[in-house]
């Protein structure tokens, strides 16, 4: 830096220099993502167990969504709510039962799931985002035939698979600069409702929207080479490596269905899938607007 | 009728003649209402107590809404769900408490009300309408800041009054030929939610939309001169007569707030308010597309 | 029907039940045909010989057209006027001459045909429809180069075949929710006018518009298995059966050119061609909005 | 002109110089009139008595209209057809009867007038213009409720006055770059047709369209100071002078109703009214695109 | 011409007849070229050496451009400015150096070229056109990345070839009825500017716009069979004949690169290329709006 | 901060926290300024004397403009170029002469000013911005009659005042997301060009666009209470205080015309005028997207 340059910097001051440096780093991304669709899976587990913290995290998440929307990114939120459903079942004296990770869902459980997902979790997210303006609109898969579901297996009760995602209503809301927030309830052609896995819905919605990005906000830092060492984070992963890592048992447990859904989404045209730690404040901003990013990115 | 005419009719047959006669009677109305906004308050009480019947009535209602939409009427549905909230409270071991007809609403009751209204009643109505196509979209007053509420009285807890209705999201959905279905939860500026009386919300929404009609689907035949004689139905009523009938104690009980809301709506620009018996199958069609109509109509 | 149901029906009354039943039957069709193009050939013969009746039939026809338009069907009317041309020739002391069903058309006859078709029949239809609102616009094939014609045969004089239909003006008027009413006069490239068979024009217009339906309003009930038994009506016919029936002399006389034009239209992309008895009041409504229909439908 | 200049001109040649000079003179007008509405009354009398000449004049007129349209002027043609109606009546053995210049019009006469105006004169004009492309669309006042008429006086039969001109259909056609050609038949609210004076219709149409110009193509050179001296043409006239000239008996005979209609039109917002000799070939072009013009112009 | 006809002509007079005749001849062309894109290369040499004449020619050129624009032709002007650059270099004491007809361009020469082309020649043309209204907008190839250039040869300095023409900004301006005037400076991806041959830029711009015509305004009458005989003008030429004439040394000197660019443009989709004498006043009008035209036209 | 919170922050790391903090601070401004018009006067003096530094500053400026544009701000740049004009005059052996701060401008000086402003300074700015994409379009006041000028005083030669700014072309370019860059040459109605003060043009352009902000990028830190103490910066100033400071001789020298233009702009509807030090890198970003800002802001 020559004499004049340093003089110029001096005029602005250190604080301004940092500010400018962040904005300048963020610029190519702000321009790059403008108008692009980003689907965010906001997991029940990304909300911390402690209500006070949950509140903090939800506020940070809502804030990030509002920022993304304000710079022209078209955001779609998909959420689950497993813990919250379990809690309500307990209050009503029902015991959750699981088979292979699927919640066995009788009519009463379905009613509870629907009420909790649509009437509580969805509403809470919508309200948090709308503290920043009239931005979010809550949807369930039942609205405007967004998600047509089918029975997964009779033994599981009303647990559904995604048969068709009709993104028409989403495109309409996005074209009005609104943020659709989707609860993962779907119906079949006869009008029967089903509870559907949110990771899968997020992937299928991202595919149907041919979205730029699908982001899983989870409670882990990303895919780890050594699951016990958070420092061993794998930042970028193509789909063939991802498949190998599953075969090699490096990717294990709850990460497997996420990575499988990610692979499917990338194969169906989503440009990249990101697995982020939703507990990091403003993690969405850092991931989208910095060179280094956080978490693990899966691409073709 | 001359010889040739009768011969012509013969060619068509009696069944066809009736069909033609209904269509011909309906014509001026189909044309007249096309593009007009009709707000329908679908009451918890319009759903019969017997689940089997409720199903039948809800199906008939959904069918009517789909017909109205298909002939170009822009329908908005507002619903309550008092009985269903009461039922869920009971299941959760809470005892409903009322003051002057208002449900005293602590935080837990509010959570239940929100879940039941948004996650159950709203979803049921949306799903029933969407059996006819991707038509309905469920909303609560929290979506896109549709309803800004204010506290009614501290003693009542989270019971809200309507402060502002921002119809922007409704106009957007209507312009896409969608049917907004509104659960009557609102928030204040701080993000606190409130449970709001559905009759009032319906009137305020109708005003904000400058709608053609506001229709209350109830469990009575309309305003009666003699409340014990269903034959004494008053078909049409202007607002000054309506006020007189309240003063003269002809209009009494639960009909009073409805008629007051109706008067307010008409004074604010809604062309007519209709009080219909929601238990009559296809009552909406008959009211809108026949000369005689059903129930009581309030106009300026 | 259980007790409650019957009670509900009672509330509405028999008349209302019938009304509702017609509207409910008509619904799927109203939705199905909305925005679709329907070309109607309104024949000179569909107007009864008795002026008083003709008036009645024309009014019923105009009413039907207005109803179709009001529920969003895009209607195009094509008409002939053989009997009316003959009548005027007689008044002017000219003797009509026919060769193989074609009216031999010298310059004077052409002038009369043009005046009668454009200045009388067309205007009468337009005026009758416009009693219901500013809906209809009269056109001849000379307007905006709608129909380019060519000489059929020198011996016939100015009898034309359809060379090209340019539907641009029709699409423009339809997009303004107007009803084009077409008199079947065309011109060739040199500006010479021709009188053209209306059945053929209707088929070619329907093809050019890729219309949903082409409807021939005639003075017969449809295609009969036994031409002397009106009960032997064939309701539906695919084009190969239609060809067979011509070969087998079941379809005879004036029905042959209609069916041939119908076959051509269906082969060129029109979804269905209907042959109806125009003398049945409201026959268009019954055909389009009831399950059973009237007359004969030809499809692929 | 200096040496170089004259050399340049030489390069182009005299013919080119004249051509360029006309185009250069026309330029400011082409730009000025672009997008403006010009209503042209094309009179039955502007068509010469000799059919061969009429043909020539009609062709020249049609050519002019096509030129005007091609440079972006929005042209509306209104025509009468008195001589042609008289001729047809004669052929049909009816004797025309006039009261104060109005043709007494019984039902039969009306039918003849309608046929001749709509089915012959209108079609001839439309066809002549359309030799230049798909430009013209024939209308009568019955189309899309363009002209609502009222009875002038019972003694005259079906002679109408203009009650309302609804220009909606005209604006629609003009916005599609089409040239409406209007036959002066109107209907009243009951559907009864009337024959209306074309000079009056032209003025009222020009008013309803808030048109830039109204041009009367007649068989005189314009308003003359001395009616026996064609050299005494008055080129420009404001409305107060026009009124004076009527009072002073300078304007007499058939010119009076034209000038009165012109005054009314100018008072209602038409910028200028022109009275031209329609027998001069290309008179419209010369009037609109040259500095000097032809005929008489009436302005405010 | 019969008696009546001659009488009609007499009414109009000789001057009017000529005027009408020019307008009538121009009509089919006005209609034909409306909405079409015409790229005009306006050469430094088309401006005469004498400043006074130059002014006259520039005014005539600007007038023609305004006329073309006013009749709906979408005009793009590309200009060079060799003589003017040379003049400025002289003033600044620099000696122009040429290799194979290319001006050797060091940084200082480039700065001068840019200033003269963009800041003088371009501005003069824009200002001259804008005397007729707010029509012209000056551009250089640096605006909105219109021209991406590449180095021709190191020995020539900053002389560029056209790599890519991005016509987006041109289409935007044309859609606003504006006339882009382009100075032939381009930049490469690194931001380095280049001076580019205007004949080539004009051809490449015409190709990128898929324009109807490319017109070279030069200081010769066109392609001559015998270059010493101006009477031996070749009016029309297809591209194979053009190639032959180059091989046969009939086309020689400065005409060769023009014809080669013309051939390339025609092969890339430009309908016709015209070589006109820009010193003939209104040459553009005469070429575009008369049957005979001026100069040489190259077509496929 | 409780334990969990600090743990969350830890997950993200200090660098991410700063990044997030800047983005979160910038958010309300990004949203607030989106779609708003900001006019930036980029002064010849804001470009440092040393060419190397100038380059750095111009690059930083161009980068800022691209960032602003990418977040939806509609930017218009107005520039002068006094020093650069002086330099060129010197090269051409002319001696600049000033009267009351106005450059006396004979025809030759005007030609030089035009060439330098339009052909050099403007092109340099356009090219620098366009390194970030096809964003900028160079204009002079002569394009599309953007600036109509009038003679200031005969003694000054071709020094102009702004008579009218016609912002049409600016709105067109802005609506295409382009950045107009304006050189301050204007013409009068006769086509004579003038050199105009850039501070004044910027203010008048900002008024004509009813812009949100007008920013003067200068070589001082802003308005100082004590002109010798850069620490005595006045951050915010309303127009009455500004007038007082001029009366009290606190505002002196070259700052007076800027503040006067600022006052005029604010009085004509510009929301705020900012005086910034253009030598601070990214000063535009810091001013627009931070709470504290830089320089002096003048508001009503």
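Order as written gives the chain letters A, B, C, D, E and F; numbering starts at 1 within each chain.
One rule holds in what follows: a residue touches a chain if its C-beta (ideal position, glycine included) is under 8 Å from a C-beta of that chain, and two chains touch if they have at least 3 such contacts.
None of the values given here were measured: they were computed from a predicted structure.
Fitting chain B to chain D on C-alpha positions gives a rotation angle of 120 degrees, to the nearest 5.
Because chain B and chain C share one sequence, their contact can be compared position by position; here over half of the interface residue numbers appear on both sides. Distances between chain centres, each the mean of the C-alpha atoms, put B farthest from chain E.
The geometric centre of chain B is 69 Å away from that of chain E, both derived from CA atoms.
Look at where the CA atoms of chain A average out and do the same for chain E: the two points lie 57 Å apart. Centre-to-centre separation of chain A and chain F, using mean CA positions: 42 Å. Looking at chain F, one finds that residues 133 touch two or more other chains.
If each chain is drawn as a node and touching chains are joined, the picture is one closed loop, every chain linked to exactly two others.
Order of chains round the ring, counted from chain D and going first to chain E: D, E, F, A, B, C.
For chain B in complex with chain A, the touching residues are 88, 91-92, 111, 114-120, 122-123, 126-128, 130-131, 133-140, 142-146, 166, 168-169, 172, 176, 178, 185, 187, 191, 193.
Residues 2, 4-5, 8-9, 11-12, 16-20, 22-27, 30-31, 34, 48, 50, 52-53, 56-57, 63, 66-67, 70-72, 133, 221, 277, 279-283, 285-286, 289-290, 294 of chain D are the ones touching chain E in the complex.
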